[in-house]
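Listed next: structures, encoded as structure tokens.
Next come two complexes built around chain A: one with chain B, the other with chain C.
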Partner chain A sequence: MTGRLFMILLAAALWLSSCKGHMTQDLSDVNSVEDLRGHSVAVAMGGSYDLMLSEIGGVDIVRLSLGELLVAVEKGRAEFCILDQYQAAMLNLQSRGLEIKFKNILKGTAGAGFRKEDSLLCRGFNDHLKRIIDCGEYDSWLDEWKAAPDSMAYASFAVPRHEAEPGRRALHVGITINYPYLFLKDNRLTGIEVDFFNRFCEEAGYAVDYEIYDFSALIPALNSGKIDVILSHMRMTEERARQVLFSNPYIEGGGAAVCRSAEGGAAGVRAGFLDRMKESFRNNLVEEQGWRLMADGLWVTIRISVLSILAAVMAGAALCRLRMSRRRMVSLPTGIVIDVLRGIPLLVILMLMFYVIFASSRMTGTWVTVMSFGLYYGAYFGEVFRTGMESVDKGQWEAGSALGMSRFQVFRKIAFPQALGRIIHVLKGEVIALIKMTSVVGYVAVVDLTKASDIIRARTLDAFFPLILVSVVYILLAWLTGMGLETIERQLTSKSRRL
Partner chain B sequence: MIKVRNLKKEFKTPAGESLTVLKDINCDIEKGEVISIIGPSGTGKSTLLRCLNRLEEPTSGVVEVDGADILDRRTDINLIRRKMGMVFQNFNLFEHLTILDNLTMCPILLLGKSREEAERKGMELLDTVGLHDKAGCLPKELSGGQKQRAAIARCLAMEPEIILFDEPTSALDPTMVSEVLAVIRHLANQGMTMCIVSHEMQFVRDVSTRILFLNEGVVYEEGTPQQIFENPQKPATRAFINRIRTLESVFENRHFDLYGLFGKIHTFCNKYGLGTKILEKVQHITEEMLCGIMPFCGPVRLTIEYSEKTSGISMTFYQENATSTILDNTGEDSLSLMMVKGMSSLVTEPNPGTVRIEI
Partner chain C sequence: MPGLRESIYSNLLFEDRWLMLADGLDNTIRVSLWSILLATLMGCMLCAIRMNSRRWAGVGVKLYVELMRAIPLLVLLLLLFYVILSEVALSPMWIAIVCFTLYFSAYFCEIFRSGIEGVNRGQWEAGFALGLTPWRTFTRVILPQALAKIIPVYKGQMITLVKSTSIIGYVAVVDLTKAGDLIRSRTFDAFFPLLLVAAVYLLLTLLMGALLDLLEKRVTPKSRRI
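And then the complex of A and B:
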């Protein structure tokens, strides 16, 4: 049954993906940023192009994450997208029926960002930069990178420094995947900026630890102390300079507007479906060992899910006990806490915990996630537990007590098994909801299954395959969890039917 | 074995007032006795029973079981409860366990018996209550009577010294009452000490060695079944035993609301299933007596009593401040009196001013 349903969904998704949006408008006279008025343009959310287009006005801005930009144009969701022009040049746009319309948008420089109070670190970085620029080493190195990023990526496989020299600290560096500046190759982080920063740390004696964030989350993470450095091809704008201490610029950037090519109608010659799938499979999973990233992500998802379920069960049991207290002084505030927890969206709780409550602690995203999920789902589990306990007839307690059992014995032997038998169905739904909800942890720099697919999409700019793959994996996870809980349920009922 | 002194139990109503259910209970239960607690509903019979094993916390007083004060915090109530079985109105079998597991769980858990021993004993007990075939069933698969028998077997599995029965047949279909009573009777014959709260009067009369009549929060009358059932000493006991229902009205003068009174009599007769003929008789007698015979030299009180046990109806007219006998002054030829006498079986005047009429 599940299998057939899945096949139907898959077929529907394929059909949708093969439909192309119709676009009859002539784009030939769009040759500058101002001409974009009245057109729909896809940009990375929170990026410089986003701000720029907002200022121009009259542009229909489609805010997406980096990995979705090209796909949006391909599928006709937007007429244009703006990418880094260097990145655009590296891509095989022609084969996708796309072309670069015009370039050099918002040409400017990018640098590393530091906290305002961290001027010492910033000065050290600038000194290093000045030295290698002055001796000419920097330019030749950058040229090498630009000529052949993929082979340079292999060459630069110098492992980031893990142990700081005495007197030096470990730097937490927030990054966004952005080929070819920062990307994963064979499941290792590399790229122009990464290579450059690794060299700086090697020389200056800092240990370094990269964490992957959404671009729009980088500045809050820096200012709340989660990270020490922003290394994300960040353009130095005035607004950002108010919140961030930028290093001297070390790389130039500019955007390219990409649209469907005029002769894009000839895309009919594209390869057949199976070949496309094969190619997608190779691009997304095999090349650059994307499967390893996915496998790591899956493991993180499983680990976070298991820990969160445990935490939620414990928190739920505690909340249930307090909520059922006969003292109103205890039960009333607990009820309010439960309502508050259930009233805030989980993502907001997660962000609050990460950026506000535990901002100054070095607690990793994983633990903040487990705590947030434990609390949030604890509130739900607690109410489910309470419903279960209240469904146990008072007479069952009395009968147990009258036979001479202690309250705890009655709970363990009678009330709890009966309650569990009644709530396990509801609990199953909540547990599966929890597992699926772990897909939001990317917001707090945890690379789970969903985030892993985001990273791959940002590299391959292919939306279809990674998303379908991730959906399938989540369905399997939910299915396995359901099976596991059903086994427990069966054992519960068979136990009561011994003989 | 059990000694109860000055036991008092108050309940807090949701409105915050306290409601005294048991005022001052004193009683003793000796080994081998079968004590039944009877009384009108709402007099705290079940509450008294539940105070004996502290399922209800008494407000004050002393409850001693084998010399141990169960209200003392230092007494381990769970140890005492193990030798006091309790059978509930709603059975309260453990719903998630089979019948046999219901019987074996506590002996294994609390008495440290081996599973084999507990199961052997359990099957034996199921045999005695006639449920051998139901050992592997869940409680929900049993009828009410079977459930209650299983619950009794569960008590017996703990080898108690006394069993408390809290209205064991009240939740049963009439067809299933006798199978449960038979089991209890069987236990009584074997000399089990028991304390029973029940509304099954015939059963109580047959099985008890002593009966406590509870009324207004105290042990109102106490005695053997013969004493209580055949010769109750106090009016409330008698009313209860004969299941007497009453209707009372007081009239200040002759200008009372006759039709309002007829309405009340109508309701009363309907409630207890008395036919139209009796209703009309009662109404006629009332009219003749109040409008023709009673002198109204002061307020008149009317009491109509109906005994559900004997189906007899009696009406008592009481004239306050009566100076002489009423019937004699009325005269034999009074039409009203002739009609009253014609409709009733007996008209007497035990005291001057009090006319008693039996229908």
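And then the complex of A and C:
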């Protein structure tokens, strides 16, 4: 018996220890896409380069979000990353100890994507495009943008219309942050494609509403009706064209493979720690008013947390009531629902709610988030309420009934006040868990604190500072909440004692 | 239902996509098991330090626990990946394991502590009165009683850990969730991969719950034949 157990444990240990290791190699002989075989390459998930590398085979593909690609190479998490070559040329790669190894990967054109049923809108867009290309305005405009994206961001007429003309609707446009095509400057969305699209909407009379998604989530979001237009420098591949109605191409694209430069990695500036911090502070928060984005994100996090807590308390109370019902027909299914809710990761529930259950409704990500969090944490809160209620001695109920109180009166005047102290004590941990969990809402196009830092990171390509800042803010938030709830707990327990 | 058959074909069978899910599940289970193992060990150690040291070590552990309980797991993971362990040659999977170990050991430590402190002090005194050494008192008298309190909570936290592994896709580990995302990014089908992933997680956590219930029955003194 012990022998067999030992064998099983040994086998398990062997299996566990076969987790993949890390490797570094000489990169000097890599000069084309085929040479990337056997190397680790960071790409944006679901992008064209991802697909291309999967087709080549033998490449260790590291799939990250766009803003993390460069950092991954810088920190040695991947040997290469593939960026848009125009974007790569704009960056000051040398100072970060990086270089462009080769260019012109998968050269092709990109356009806006529409739903298949929306051919009228697509045709309108194409007409507009043709008109401004024909009159020669387009090329000069594009050249100006390409020469100096940052100053163009001010000169452009990047003002999205907030009100549609009669007979026109508001277009929901799904985007990914991708400098210089789509980016935030001074807390305002701008960029080549944004400018162009705003201009189209201005002429055609549509109102615009931009929503930030992960690149890989754009097409599902379009198909499930969450957005009307994809505007994300999306290349027109055959596979995508089966799902999406592309406009005529209006911009070119191609990739550049970036790796650590040969002459010893961090040859760039190695300033002192304090100077680097100062620099980071300026880049991430002061310049382009990153702090405003962060403040907005914090506000969204707080708002979602508060609404979710309210929803979860209500759902929890309802679930607790049903679960404690004396009818098995009611309590049993409720128990199953609670187990199912607690058995699925919140992220999966969130995406199911967003893309499947509320796919066709025009509910914003915030409300879907509040409902998902309400349901998920409702299951947890419900169980906390139940154990709290069950910890009240049965004799208390009997005593109440003996005094001639109705069941509801006993609950309200006797059982609940006793349970409340215990409930709040346990609930404190769950509430803090909920607040921390809101960091996943970026998945459904809500710009919360974490997503705000992601957006800033995508622009400044700095991993360190925004992350530290965000974690400090979360820690403060959690501590403040904990302290607030402890005060409430103390007040409640002392009040119930006075009765 | 031709729609369902087509979904199964394009999401699972075409280009052997089910293999991606299988690999993802493998990674999810690996990270979960390693993290549970290491976090439990570390939680025990932290708990021992916290309960035995009244000086700076105990205070240090307390601060550590408070810190871990206040920081979101995702932020910790990104911090470890890009900042703290960025110069260390650890694979993303091991960084994920380190992250979960650090984070959940704090929770486990508190669970163990409240379980042990929940046992009446008189039990210690009774053990000493019978002439048992502190260690024997702990293993023979206190621990069996504490386990009955610890295991139900520990179980819940373990299942939380397994579900939390759904975020490791952020550091380029292809786990179950990420595998579902990957398939989604190819088939552009919002519905089927998500539902499938949800079902697999549900099965995984239910299975784990059942296993832990078995364990609970074996170790709690009430249900054990002595």
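By definition in this document, the second predicted complex is superposed on the first by the 463 of 499 C-alpha atoms of A that agree within 3 Å, B and C clash if a C-alpha of one lies under 4 Å from a C-alpha of the other, contacts with A are read in each partner's own complex, and residues count from 1 in each chain.
Everything below uses one rule, namely that a contact is a pair of C-beta atoms (placed from the backbone, for glycine too) under 8 Å apart; a residue touches a chain by one contact, two chains touch by 3 or more.
As the structure is a prediction and not an experimental result, all values here were calculated from the model.
Annotation for the three-chain superposition on chain A: chain B and chain C fit side by side. When the shared chain is aligned, no partner comes close enough to touch A:310: not chain B, not chain C.
Look at A:352: by the touch rule set out above, it reaches chain C but stays clear of chain B. By the touch criterion stated above, A:406 is placed in contact with chain B alone, chain C being left untouched. Judged by the touch definition given at the top, the superposed model places A:89 against neither chain B nor chain C. Contacts of A:75 after superposition: chain C is touched, whereas chain B is not reached. If you count the residues of chain A touched by chain B and by chain C, you find the higher number for C. Of the two partner chains placed by superposition, A:262 touches none, neither chain B nor chain C.
By the document's definition of touching, neither partner reaches A:286: not chain B, not chain C.
Chain B and chain C never share a C-alpha pair closer than 16 Å once the two structures are laid over each other. Within the complex formed with chain A, the residues of chain C that make contact are 30, 33-34, 66-67, 69-76, 78-79, 81-83, 86-87, 89-94, 97, 159, 163-164, 166-167, 169-170, 172, 174, 177-178, 181-182, 184-186, 188-191, 194-195, 197-198, 201-202, 205-206, 209. Those residues of chain A that touch chain B in the shared complex are 393, 395-396, 398-406, 409, 413-414, 417-418, 421, 496-499.
Interface residues of chain A facing chain C in the complex, by the touch rule stated above, are 12, 15-16, 19-22, 24, 42, 45-46, 50-51, 62-64, 68, 71-72, 75-78, 216-217, 219-221, 223-224, 239-240, 243, 339-340, 342-349, 351-352, 355-356, 359, 429, 432, 436-437, 439-440, 450, 463-464, 467-468, 470-471, 474-475, 478-479, 482. On the chain B side of its complex with chain A, the touching residues are 53, 55, 78-82, 84-86, 88, 90-98, 100-101, 105-106, 109-110, 135-136, 138, 151, 154-155, 158.
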